[in-house]
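Taking it in order: structure first as structure tokens, then the write-up.
Just so it is clear, A, B, C, D, E, F, G and H label the chains in written order, and each chain counts residues from 1 on its own.
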Amino acid sequence: GYARLDTHRALRTGDPEVVYGEGKSPAQVVEILGRLRAAHPDRPALATRLDAEALAAVAAAHPGALLDAQARCAALGDLPAPRGSVVVVAAGTTDAPVAAEAALVARVSGAGVRRVDDVGVAGLHRLLAVRDELDAADCLVVVAGMEGALPSVVGGLTGVPVVAVPTSVGYGAAFGGLAALLGMLSSCAPGVVVCNIDNGFGAGLFAARVARRAAG
Amino acid sequence: GYARLDTHRALRTGDPEVVYGEGKSPAQVVEILGRLRAAHPDRPALATRLDAEALAAVAAAHPGALLDAQARCAALGDLPAPRGSVVVVAAGTTDAPVAAEAALVARVSGAGVRRVDDVGVAGLHRLLAVRDELDAADCLVVVAGMEGALPSVVGGLTGVPVVAVPTSVGYGAAFGGLAALLGMLSSCAPGVVVCNIDNGFGAGLFAARVARRAAG
Amino acid sequence: GYARLDTHRALRTGDPEVVYGEGKSPAQVVEILGRLRAAHPDRPALATRLDAEALAAVAAAHPGALLDAQARCAALGDLPAPRGSVVVVAAGTTDAPVAAEAALVARVSGAGVRRVDDVGVAGLHRLLAVRDELDAADCLVVVAGMEGALPSVVGGLTGVPVVAVPTSVGYGAAFGGLAALLGMLSSCAPGVVVCNIDNGFGAGLFAARVARRAAG
Amino acid sequence: GYARLDTHRALRTGDPEVVYGEGKSPAQVVEILGRLRAAHPDRPALATRLDAEALAAVAAAHPGALLDAQARCAALGDLPAPRGSVVVVAAGTTDAPVAAEAALVARVSGAGVRRVDDVGVAGLHRLLAVRDELDAADCLVVVAGMEGALPSVVGGLTGVPVVAVPTSVGYGAAFGGLAALLGMLSSCAPGVVVCNIDNGFGAGLFAARVARRAAG
Amino acid sequence: GYARLDTHRALRTGDPEVVYGEGKSPAQVVEILGRLRAAHPDRPALATRLDAEALAAVAAAHPGALLDAQARCAALGDLPAPRGSVVVVAAGTTDAPVAAEAALVARVSGAGVRRVDDVGVAGLHRLLAVRDELDAADCLVVVAGMEGALPSVVGGLTGVPVVAVPTSVGYGAAFGGLAALLGMLSSCAPGVVVCNIDNGFGAGLFAARVARRAAG
Amino acid sequence: GYARLDTHRALRTGDPEVVYGEGKSPAQVVEILGRLRAAHPDRPALATRLDAEALAAVAAAHPGALLDAQARCAALGDLPAPRGSVVVVAAGTTDAPVAAEAALVARVSGAGVRRVDDVGVAGLHRLLAVRDELDAADCLVVVAGMEGALPSVVGGLTGVPVVAVPTSVGYGAAFGGLAALLGMLSSCAPGVVVCNIDNGFGAGLFAARVARRAAG
Amino acid sequence: GYARLDTHRALRTGDPEVVYGEGKSPAQVVEILGRLRAAHPDRPALATRLDAEALAAVAAAHPGALLDAQARCAALGDLPAPRGSVVVVAAGTTDAPVAAEAALVARVSGAGVRRVDDVGVAGLHRLLAVRDELDAADCLVVVAGMEGALPSVVGGLTGVPVVAVPTSVGYGAAFGGLAALLGMLSSCAPGVVVCNIDNGFGAGLFAARVARRAAG
Amino acid sequence: GYARLDTHRALRTGDPEVVYGEGKSPAQVVEILGRLRAAHPDRPALATRLDAEALAAVAAAHPGALLDAQARCAALGDLPAPRGSVVVVAAGTTDAPVAAEAALVARVSGAGVRRVDDVGVAGLHRLLAVRDELDAADCLVVVAGMEGALPSVVGGLTGVPVVAVPTSVGYGAAFGGLAALLGMLSSCAPGVVVCNIDNGFGAGLFAARVARRAAG
């Protein structure tokens, strides 16, 4: 009980507080997740950035929990009916964990979600083959590391709102995601917005909000 | 005619190409604006980042043009009927030009727009007084320089999607907008997305896309 | 005995030298702490940045020592009577170790101390609920990571001197505390001063000096 | 009247809003200064960062104004009686404008103020000669550019609270004040707090608050 | 005659020294260009980074000189017969001066040269339309500012060696070409090599060397 | 089978996709390598950035594989006949792993390869002794850490195209390869192009492309 | 008389204070130079970083002054007899002003001085031709911009102490001298020490001290 | 035998090559040290940056070797008679390893050496007490972390040449030695030269060269 939970948040913003697992013990994660679940009986409670040990602790304490090891997330409570659609697009296989976090968070936040993986700009035909899928979405989350060029190309192909997420994939001058971050912020495609490096959580939540509104 | 205009863009993305005035002569601005206008008779043609001289040249060549000196923009052609609503919030009076650019671009791109100025976090009562106006929007654009704290506070008050725009206002460790940019990317309020420093254009276009979708 | 202790420091500045535990063996910490205690019989001797092993070594060597595991500090000798009051405010639960260090150091340095935790700006009502407590202090230490917006909001609510401490909490564009540091230095609230990242020690000592003076 | 003045600020914090002259026209400065003066009849209204033209405009509009060309400031209204004492120490002659801004702001904010100039660490005897003056202050503002070593030396000589202000004086690896800023934040003297580069305003206001409290 | 010209360079490397006009007076440019011409009667002498005044001085002194105002270059002496082919591709119209410098330098260095302009990745069809032209080259120079994504896309379409040149086009997080530079260095397309920001000269010379070798 | 292999790449660019081992399990490396081998029966399949465990797994699964522990690479399938010649030059013994990666990749990509090691600029005679070897190459890869001066010296000695690769060798102000990277980009020798820090892979592939073309 | 001159400095360090002209009016330069001359009748008084106007003012006030326009310096009083020898080596013609400042300061500080210009590493034969001159010096000052490789090469040729001075010559990734600074600090030649960017003054003074001692 | 030793270096520069232990196996260190010893029978062979294992391997292979665990160095062969004197001054106890490396390297390189430890600027009396010792040296090496102010103070007290070495001691805004490095490069004391972060080796070698010359 050492945390001052912001249980009014769901009233103000429509989305409850979420457990950020980094730096918390498995026991703390389990406890706070339980308190959030109790405070919001009509919404799933969510924990992110869980290591294997924390995921196991959640599974043990809450047999019915939804666990996603790639996304490093756990959720307690029934998923809401999907409203609107989010498509999460990733450039390389190494970007998959961030894409998975975005997808899970968007789904838990009430949107329908699909994923399109491994469509980096060095092999454009892979992306061009899924153009219709992109156009059909209400909001796109585009995840890429290294030079982070994918959101610029996607943003030139479609008018669906694009939320870009740089990842820390790469080495040397990629500087842990900085190259991709600066590139996405400087995108020549108009109307691309950007989240923090590896922040699949923020992108997923934002995209769900846009998609829910689009669904009316 | 030296520029290879991307006149298909409106078909692909719903929004036509825009003249970026930086580094172009007044004559070039006038010429390209005219070509864009001709290519898209049903949509206003837009030019941004115009200095006083370029604004004057547009006014002289196109007496009916819409000119906005604070936003440094010009538009040719009737404004579309507003669909959905964007509210542009600015922290200080010095952030006004960026807010004005965002507002004009959102309006030209088909959204209804309102502005709320000078509501920086050092005087919270000013922001708390307009909470209902924030909640009523389909998308918020939040503009701030210096430490860029305003989007975090707004993002904690409402669940409307927040697009944060850092400005280059400030000195010393503000590093031309870098402090605000890093702060907005690291926001403790979930679901805040970020545009490039001083990029009112990108924020306005993105917000209009979200608002138009929300309007159904 | 390899260290040239500055035993005149208490005479010059009113506060004795302190053992900085980083990079010292438990035996070295115990030895220097003992020498400082002997040199300043009327003041507690203090050691900071102790790991679990060093804390245990101090406890074993000095059964009466005050140990604070969250603050990673140990003190030898009776605490002085409190003069003036310092309030240490922290944005998130992860900022607690830095807040604890600031609080303990302020208390050992002769001030009365209270803590207010988990009042980040994304849930403003938590902070607004403790305004009177803030106004009643002689000096505030405000601890925050990520975008570090809390000192700006506190600095707009009260005229009590605010010492801001950025923490290394956050990821990606938070750059290990850099985003919070730059933000606090660029604060739009006038009169906010800043310490090094994670430097609870410096903030606590400074605040105690201000509080002691205010107490007359 | 385009600015939403925060006229409650004096009630909340004890110090009224101040006109930041950068980027404002002389006419705007004169107008806002007048409005602030009217809103706070019992306190001087202050404008900072004024260029020569703005200073002249204030002088013309308000013959009784206090003008300080070195500090680039203007004040309207009688100075308050001094409570407590601030000493502003500067390392080199080129740091004088920042020291002057700090001194004027501290004086307008109600403290007594003295200045000690040109006592850089490369000639220590100059500083050692004024030790008593330093010890007698309630708060010190220490201004230095280049490597910014002066606050560390001052902080080792006295226990008076030290507010360090890095200046943009220097070239090359001084990086416009960055070397001094990082150095002051990393000071080996405990209890040094830091303001933004060239921010004499913030240092002066903070120091006056500490000094007023110390005066009881 | 103050410069110690490296007149052996053509013997060692096949390409003579070139006048770098930045920071040289028009008279100095004219004089050194004349000395280089005299030292290398069989090769054109080249000067780069000339402002309008220096270009005019060269034109006046050497009526037969080749002047390229967009490239800011001048050359004295007959152009060599073209061996091999270089194609210079540019993302936006604002990148044209750098592309022009690369093209002129490659031509003066003995390669055949073509330019393809305004084919940024936000409108892919423009690039896909010139794929055959890319494939037919012996070496490509790809010039782009902002996020600098073009070389990654080109490098995925063709196996012709790609020399990427970031430009200083862009604002904010583009940081004067840094975003494009880091992105190009981190390109997901294998085998892209990079020149300094705005260094059309180096790219053109390198590409000509590759093309001349390919021509056998 | 989770990866969407770009098996068309060899058709478009002449070089097939390569397994980037970083962050992949030994089993994944073995599986993707096998798929690439099957897709390109006429070309060796290549994996880079393999740790000892992954190298062992490849050796176990494919007894005929070519393993290079210094280069941390494995290749499956007969090496192509060498066309053209690449010389890989390294400044210090610590740069050898990057040089080895470049050499192996160039060889697998169809070029003949030689290595020249430990010829740093602090002992010039070592480099001057191999000038003929440099001049005889079709493309040079020059690998150096610390200040990265070697490409400038090599680029002044020969007109063979120089591809510079900075390494992360060094400490302090070398900043993990940044000093060498910036130095190589700013080289005073004209026509030096640069790869990412430690990117022997990219340099080797690029050099092989140039060498193959030079061989006609 | 606003400056607190450190007239004891010559007694403590053997070298008197020097006027740093940046940011001082011509009248101030003339006045302080006169005061320094009066305080040190046996040593020349020196002013550096003078613009054309300040140089003219010194010439007018002190007809016998030594003026060096390339070095931007002025000296009053007879030059001391030379003791020991300093050689100042510069990479390119654009580095000449920094080399000139170093040479003049070393000479005024009592050493004999020679200059060797335009011997950048891209044309090594120019440097190898002056090896004897380098070996004969008591201290070398090596000045270079761009990648700053020259001190590494010189430091490998001779055991004479090398003081490296990076200059702000270059563009793009040279970052105003940063590339050369980092490179010189990371030099693979042992025993190279470094001054600030463009700091010919510091290098000249240091070298003169070493040379004077070497002369016994 | 994989390393191409530069055995001519002692002839050219007076000091033989040295084994840099970082990244070398104990066996490699032992082997290269033996080869250097054999190549230079009249001079001690030196290895630096050795971990405990490498030190033990040297001790086992060469029972007469000089081992310095604090400096992490080993030397083989009789120490030369000391010529001239170097004093190594360190700010804090944590800087001792770098000071030890500088001292040992200077001694092995033929100078007499003394150390003065723990004299940081926050307790000036400790430094003032050893002024005569500083003045008596032929060259000073001044080692400091955090803000790195000590060389500025030392450089103002004495005219002996000062070689400053920043250390990576400190946290947060010290950025691994960057604050100290920038501060030392920007020192207000004239004639301070700087080595790379933690580079005791380079400082010791340089200082020995200066001291040997001063000894005539």
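Note that contacts are C-beta pairs under 8 Å (C-beta built on N, C-alpha and C of every residue); 3 or more make two chains touch, one makes a residue touch a chain.
Only a predicted model underlies this, so the values are computations on that prediction, with no experimental measurement involved.
**Q** From subunit C, which chain is the farthest off, judged by mean CA positions?
**A** Centroid comparison gives E as the farthest chain from subunit C.
**Q** Would you mind pulling out the distance in Å between where the CA atoms of subunit B average out and where those of subunit E do?
**A** 36
**Q** How many angstrom lie between the CA centroids of subunit C and subunit D, rounded to a whole number?
**A** It comes to 26 Å between the two C-alpha centres.
**Q** Which integer distance in Å separates the CA centroid of subunit D from that of subunit H?
**A** One centre to the other, that is 43 Å.
**Q** Whole-Å distance, subunit C centre to subunit F centre, using C-alpha means?
**A** 51
**Q** Which residues does subunit E have that touch at least 2 chains other than itself?
**A** 9, 122-123, 155-157, 172-174, 181, 185-186, 190, 196-197
**Q** Tell me, which pairs of chains are in touch?
**A** So, checking each combination of chains, I get A-B, A-C, A-E, A-F, B-C, B-D, B-E, C-D, C-H, D-G, D-H, E-F, E-G, F-G, F-H, G-H as the touching pairs.
**Q** Which residues of subunit H touch subunit F in their complex?
**A** Residues 2-4, 6, 8-9, 20, 22-23, 166, 168, 177, 181, 196-199.
**Q** Quick check: in the complex, which residue numbers of subunit G touch subunit F?
**A** Residues in contact with subunit F: 91-92, 120-124, 146-149, 152-153, 155-157, 170, 172-175, 178-190.
**Q** List the residues on subunit C that touch subunit D in their complex, please.
**A** Residue positions touching the partner: 9, 12-15, 18, 138, 155-161, 163, 181, 185-186, 190-197, 201-203, 205-206, 209-210, 213-214, 216.
**Q** Per the contact definition, I'd like the list of subunit G residues that touch subunit E in the complex.
**A** Touching subunit E from subunit G are residues 93-94, 117-119, 122-123, 125-126, 169, 171-174.
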